[in-house]
Amino acid sequence: MEINGIEDAMRMVALSRRKFIGQGLAAGVSASALGTLLSACGGTSGTSAGTTAVGTPPKVPTGTFTVALAGPPTSLDPGRRLGLGAFYATEDIYDGLVTFNHDFTDVVPQLCESWTVSPDATEWAGKLRPGMTFHDGTPIDATAIRKNFEYFLKNAAYLFIPLPLKKIDDSKPDTIRLVFQSPYPYFTRNVTLLKMQSPRAIAAGPRAIDKHPIGSGPMQFVSSDANTIQLERFPGYWNKGLPHVEQIKFVITSDPAARVAALRSGQVNLATNLAPSEAAQVKSDPRTKLVSKASWVVTTMNFKLAAPSVHDVRIRQAVAYAIDREAILKSIGGGVGVVADSLMPPGTEGYSKMSPAYAYDPAKARELLRAVGGPVAIHMAVPAGDILANFLVSEAVAQAIVAQLKNVGIDASVDAIPESQEQKERTELKPPHVAKLSSYTWFTGGPIIYGFMESDHNMQQAYPQQYAQYRKLSDQMNAEPDLAKREAIIAQIQQIHVDLLPSIPLFVMPAVDGVSKDVQGYVPDIRNFGPNLDSVYFAS
Amino acid sequence: MSVVAARSVTVEARRGTWRRVVDTIDLELEPGTVVGLVGESGAGKTLFTRALVGLLPGGTRASGTIVLGGREYDARKGARSALGRDAALVQQNPITALDPLARVRKQLVDGVLRLGLMKHEAADARARELLGRLGFNDVERVLRLYPHQLSGGMAQRVCVALALMPSPELLIVDEPTSALDANVRVRVLELIRELAIEQRAAVVFVSHDLSLVGRFCDRLVVLYAGRIVEQGDTTDVMGVPRHPYTQALLGCAVTTEAVPRQPLTSIAGAPPAPEEWPAGCVFAPRCPHAWERCVAERPQPTVLSSSHQPRDAACHLVEEAGAAAPRPQLVTKEVERRA
Amino acid sequence: MTAHAVREALPARRARVRLPFKGQTTLRLGLAILLAMMAVGVLGRVALPSADQQDLANAFAAPGSPGHLLGTDQLGRDVLAWISDGIWIALAVALGVVVISSVVGVAVGLCAGYFGGVADMLLMRLVDLSLAIPPLILFLAAAAVLRTSIVTLILLISAVSWLPYARLVRSVTLLERERGYVITARLAGASRTRILVGHLLPSVSTVVLVLASLQVGYVLLWESGLSFLGLGVRPPHHSLGYIIAQGRDSLQQAWWVVVLPGAALALLVLAANLIGDGLRDLIQQDVEVAER
Amino acid sequence: MNLVRYLGWRIVQGIFVVLGAVVVSFLITNLAGNPSDVIGGGLLTPAQRAQIGHQLGYDRPVLVRLGDYVTGVLHGDFGSSWRTGQSALGLVLKALPNTLILIACAMTLALLLAVPIALYSVLRRETRVDRSARATMMLVAALPDFWIALLLVLLLSVNLGALPSIGFDSPRSLIMPALAIGLPLIPTSVRLLRAALLDVVSQDFITTLRAKGLGEGTIVTRYALKHAAGPFVTLLAMQVGWLLGGTIIVEVIFAWPGMGSLLQDAVTNHDIAVIQAAVVIVATGYVLLNLAGDVLIALMDPRIRVGAR
């Protein structure tokens, strides 16, 4: 990763308190992305597959949809956005070349109506829809897209995906042709993250973009101040019939309880990422309702592998056996969510159940600890402020785990540490905390580009041999065009993890959002990014 | 005839329960005379005078009647409504008794103006006159000064002027603080006396300094533990004290003249706190002459002469000895000088 | 019977010592609340399981449930057990802060008041400075470097709490140092230490006592507030502020996790304030009686 | 000392207080960490972080940085937020009015109740009215502010749906945060004012006023209040820094776009320029308020204004 210019680097931070990045970067590509797919799917970008759709959208867009935003966006620039706030606020301003459908089962066309790919997956060509313009009237052609890709490359530090471009070809105005240095079978899944903006905005520079972003999405930017961002419908949107609301307003509300209170008192129409207790409030309130969907987020307990106190794999296994995940899910999790049975959430490419499953077995845990001999102490950390409580990354869960570890004779304790301290400890060889409650977002619906997880760095230190093998497998996986073969490789990689246990998968919690009763057509974003609101409307 | 009278004035203080701290005092005051109210700390002299004008501190209450300016006041509220009209008060410390934020002129006139007793010009004139009478040469300048610019003696005189503004019938004067130079004190008190006589005000001078009282007062009232134990003309009381307490007080006054502020240290013991008052004579525990009757029975005032002014003492000894048996006593030089 | 015998027969004069709390409703009420809370603290320790004891199957039990008089939180921990521990923690922090800040404050205040000059100047500017910076900034910043523990919490709160003592003691010392007895002692050749410790220290002790008792309430609020923000006391120690923060998300579902510890905290603060107020009244009354 | 010299001296002192605040907070925040700890969301390698630290100048000795910072401030340059690139001073000045509005409302609310309560309590001192007023105040003072805020949200916003709980859209948004800040202020104000008033009414010159025949009501409301106002305002002005501390927690709970939220955010993100700018503004406000209080008192008090005889 390279930092371009110190000023941009300074702004590179997950400002939002609920970080979506998790610790590892995971992205994948759909198997079906090989070959010319998607070309058949024209027209609407994703049906409104919302679980709450009742009735029909109004003929004329009406109403203002207000969203409680967890944190201020670091930037409104698609090339430089980081953090939840930025993704939420820009999701409807920009369109990508392709996007996930609303159910996140497939990648569907957006600005491009079709793709062709070379057999070795190094060359991708997308055909643009005719007659589209950006909000400022600039036509969307291959040159505009090229400028965007050049801008992404310039801001490589902000990219979550690899972009090993050899050549960007815009010789045909209606086709953008991308040539990569190496096979890139994951391209379509990954490119869902890249959103296009007007070349004029790019020319005006980052400051201008943050002040007034110009995209081509269903909503266009109106104004923003320290606490609100105001969007309105873009009448020239290529996908006629969208959106269904006249305006979207984001109100920055960093406090989770305040977001729920605002939803219940009718000040906002949407509050996302509800913790179980908040969900219960929303559910019981006649003015609001819950919308939930299985997510791509796995809650884990990670270890600092190099730390002597947890370096012995038997200790980590004992911890895995000592945690009663069912009991925690039932009491703190409010009954939603499932016990994680893999490092990857169900529904992602390459998902397979892990073996052994490390089901709750305190006797086995004690046995392993006896085999290790001597006292075992684990001082763990949890992000302060319960900012990821919706994924059960919370103090309460940490304390429940501490109690369960004590139960098998581990001297456990927990600290809540602020984000900045967490960052520091990540690179420390001997941090005070040897384990951490955390969560991963598999936000491209599949594995792994750089490796599996943050534990890479860790693994390199503690288990250089396994790490080398693991790297090799990763490289193979990235270049393997065949899905079945790729899945086999992924299974091997997973087995390395399951055997070494650098992290213990705990839960897969659903995305649980609250909306006001009259909201229809809303679908939560299972990546824990910003949901696309183009299908949202108010029941009359 | 008397202009000011206190009838059966009793003051109680809350000490867990209500305790009497001033016990059924009757007192008549005449215009143009100065009455000295003498006693140790805690004898109730200050509380009694405050009860007269309704300025008792919190946690105390009074009963009885006060006659002032031809009106009767219930002692529960005292003659508070007569303050600033018929009654006035000069406090102990003249410097702190003045509002630090206001000029002398304003302080002198604002009372009578607010009460509507005088018009502006009249009030100004009266203020000038009084200050002049009190020995200020540069009245105009003084009127413009702030209290912190006054010396102790000046402030004392301003306070007196302030009290006399409405021509009160009753003037209560606390013994001036020792912060004042002794000579200044004497001069100011002389002036008060002159003015009081001139203005026909009845003055109550509260003190525990007998040497001062002897110089300025026409009559003396000796308080002990909330009761009048002896009263009479200054010459009589100081010349022929009948109550053992007065005797002790005078003895002390003479022997400790060098330290006038602590005249009573040579009486054995200390005055009893209200909750410790015995059933009999309150002075009995300290009295060198006490016998059974003193413990059992509270002495009533024995009238010693039938003159116009009361002359009595509350002591079984006096009662049994009869009015006619004066004991030879010390005569202070001050008394002689005054007489 | 002789006069002497009569004097003997009279009730003996007792020294001027009044029953300390007579007529002191405030003080008595405050002490009563405090003692009651401490009794809860003792009972909780003796009769209840540890506040750490979890029972996930019995989460959010309502008050009055069998075995859980005041209910349980989301981990099934007994709220009453937590409150009784919280009382001790709160009192321990308050005591620690009051002791440290009063000792430091008195020492600095005495020296500044007595010696004046540069020391005095520095103290007063320091007081200004501390008032000009919101203390929460200090706490937030400190939380980023220090590991939160009871000791660091006590030191942090003390760091902003000693100044009022210094200021008060300084002003009292300024008055006292001109009093006769101090001047006499100085003329008699008493050493500075002797004057400071032997003469001035006793004369400021009453005001310091009153200030300390009044400060306890603030310290209790600081402790709980910082623990609420996650910057103060946290498990394995049990703070009232911490459990309120934990119960906050489920306020609707289980009001008792927020309301009851909050009420216990308010009662503690109330007791401290009542005692402080009562003490001040007592001392003031003494002063008034002495003046009358 | 004449007034001009006195004020001059106070201004010099004030400048030192502000400078002191800059230095102290600079040292504390720099001790706590620097932006390279949080830049990059933790994705940077130690080498990259060190490089950023170097580029930002955080590898220089802290005193050198302090010197540069102070020089910058003296030239009006407070630096810019590393997160948004906006001027730190601009961010603070944008948030300041919101907090001032909030504090002003809370203060008005508190004073509207506190002044009559204090006056009445002093007029009826040591009566049942006074005692019950004091008891009530003591009870209110015992309630933790975050607890009040939570209960307010629960009662007024969620259950009754009556008031907006977040943000600052309409004047109605002010009600709950102002209550949460104002309520605990009432007992403080009553206590300070009552004590100041009692201190005044126990003085001899008040007895003199009584002896002049003035009624207790006139004395307390016209004379005593005037004398008590100075000490009261001074005491209150001295609480500004603390007051702001109290508003941080309430602002966060109610998502109030003020200094409190800004500071909390800046501290957690090590946005040192913003913290510094906020501290400078708060300290300056404190100094100015106290100076104003001093001037007011000086103008009122002839002992300072006129000087000794």
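Lettered A, B, C and D in written order, each chain numbered from 1.
Definition applied: a contact is a pair of C-beta atoms (placed from the backbone, for glycine too) under 8 Å apart; a residue touches a chain by one contact, two chains touch by 3 or more.
Since the structure is predicted, the reported quantities are computational estimates derived from the model, not experimental observations.
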Check your understanding: Counting only C-alpha atoms to place each centre, which chain is farthest from chain D?
Key -> B
**Study point:** C-D compared against B-D, more contacting pairs
**Key:** C-D
Revision key, fill the gap. The chain whose mean C-alpha position lies nearest the overall protein Cα centroid is chain D
Exercise for review: Just give me the whole-number Å value for how far the CA centre of chain C lies from that of chain D.
Suggested key: 23
Exercise for review: Please work out the Cα centroid separation of chain A and chain B, and write it as a whole number of Å.
Suggested key: 90
Point to revise | Mean-CA-position distance for chain D and chain B (Å) | key: 52
Revision key, fill the gap. The distance between the C-alpha centres of chain B and chain C, rounded to whole Å, is 47
Exercise for review: Can you tell me which residues of chain D touch two or more of the remaining chains?
Suggested key: 33, 158, 268, 270
Revision key, fill the gap. Shared-interface residues of chain A (touching two or more other chains) are 257, 281, 418, 420-421
Practice item. Could you list which residues of chain B touch at least two other chains? Key: none
Point to revise | Partner chain B, residues of chain D touching it in the complex | key: 125-126, 203-205, 207-214, 218, 223, 226-227, 300-303, 306, 308-309
Practice item. Under the touch definition given earlier, write down the residues of chain B that touch chain D in their complex. Key: 53, 55, 58-59, 80-85, 87-89, 91-93, 96-101, 103, 107, 110-112, 114-115, 145-146, 148-150, 159, 162-163, 166
Exercise for review: Report the residues of chain C in contact with chain D in the complex, numbered from low to high.
Suggested key: 125, 128-138, 140-142, 144-145, 217, 221, 224-225, 228-229, 241, 244, 248, 251-252, 255, 258-259, 262, 265-267, 269-270, 273-274, 277
Review point. Where on chain D is chain C touching in the complex?
Key: 13, 16-18, 20-21, 24-25, 28-29, 31-33, 134, 138-139, 141-147, 150-151, 154, 158, 238-242, 244-245, 248-249, 263-264, 267-268, 270, 275, 278-279, 282-283, 286-287, 290
Study note, to complete from the structure: Within the complex, chain A is touched by chain D residues 33, 35, 37-46, 48-49, 51-52, 55-56, 82-85, 91, 94-95, 153, 157-158, 161, 163-169, 252-255, 257, 261, 265, 268-270
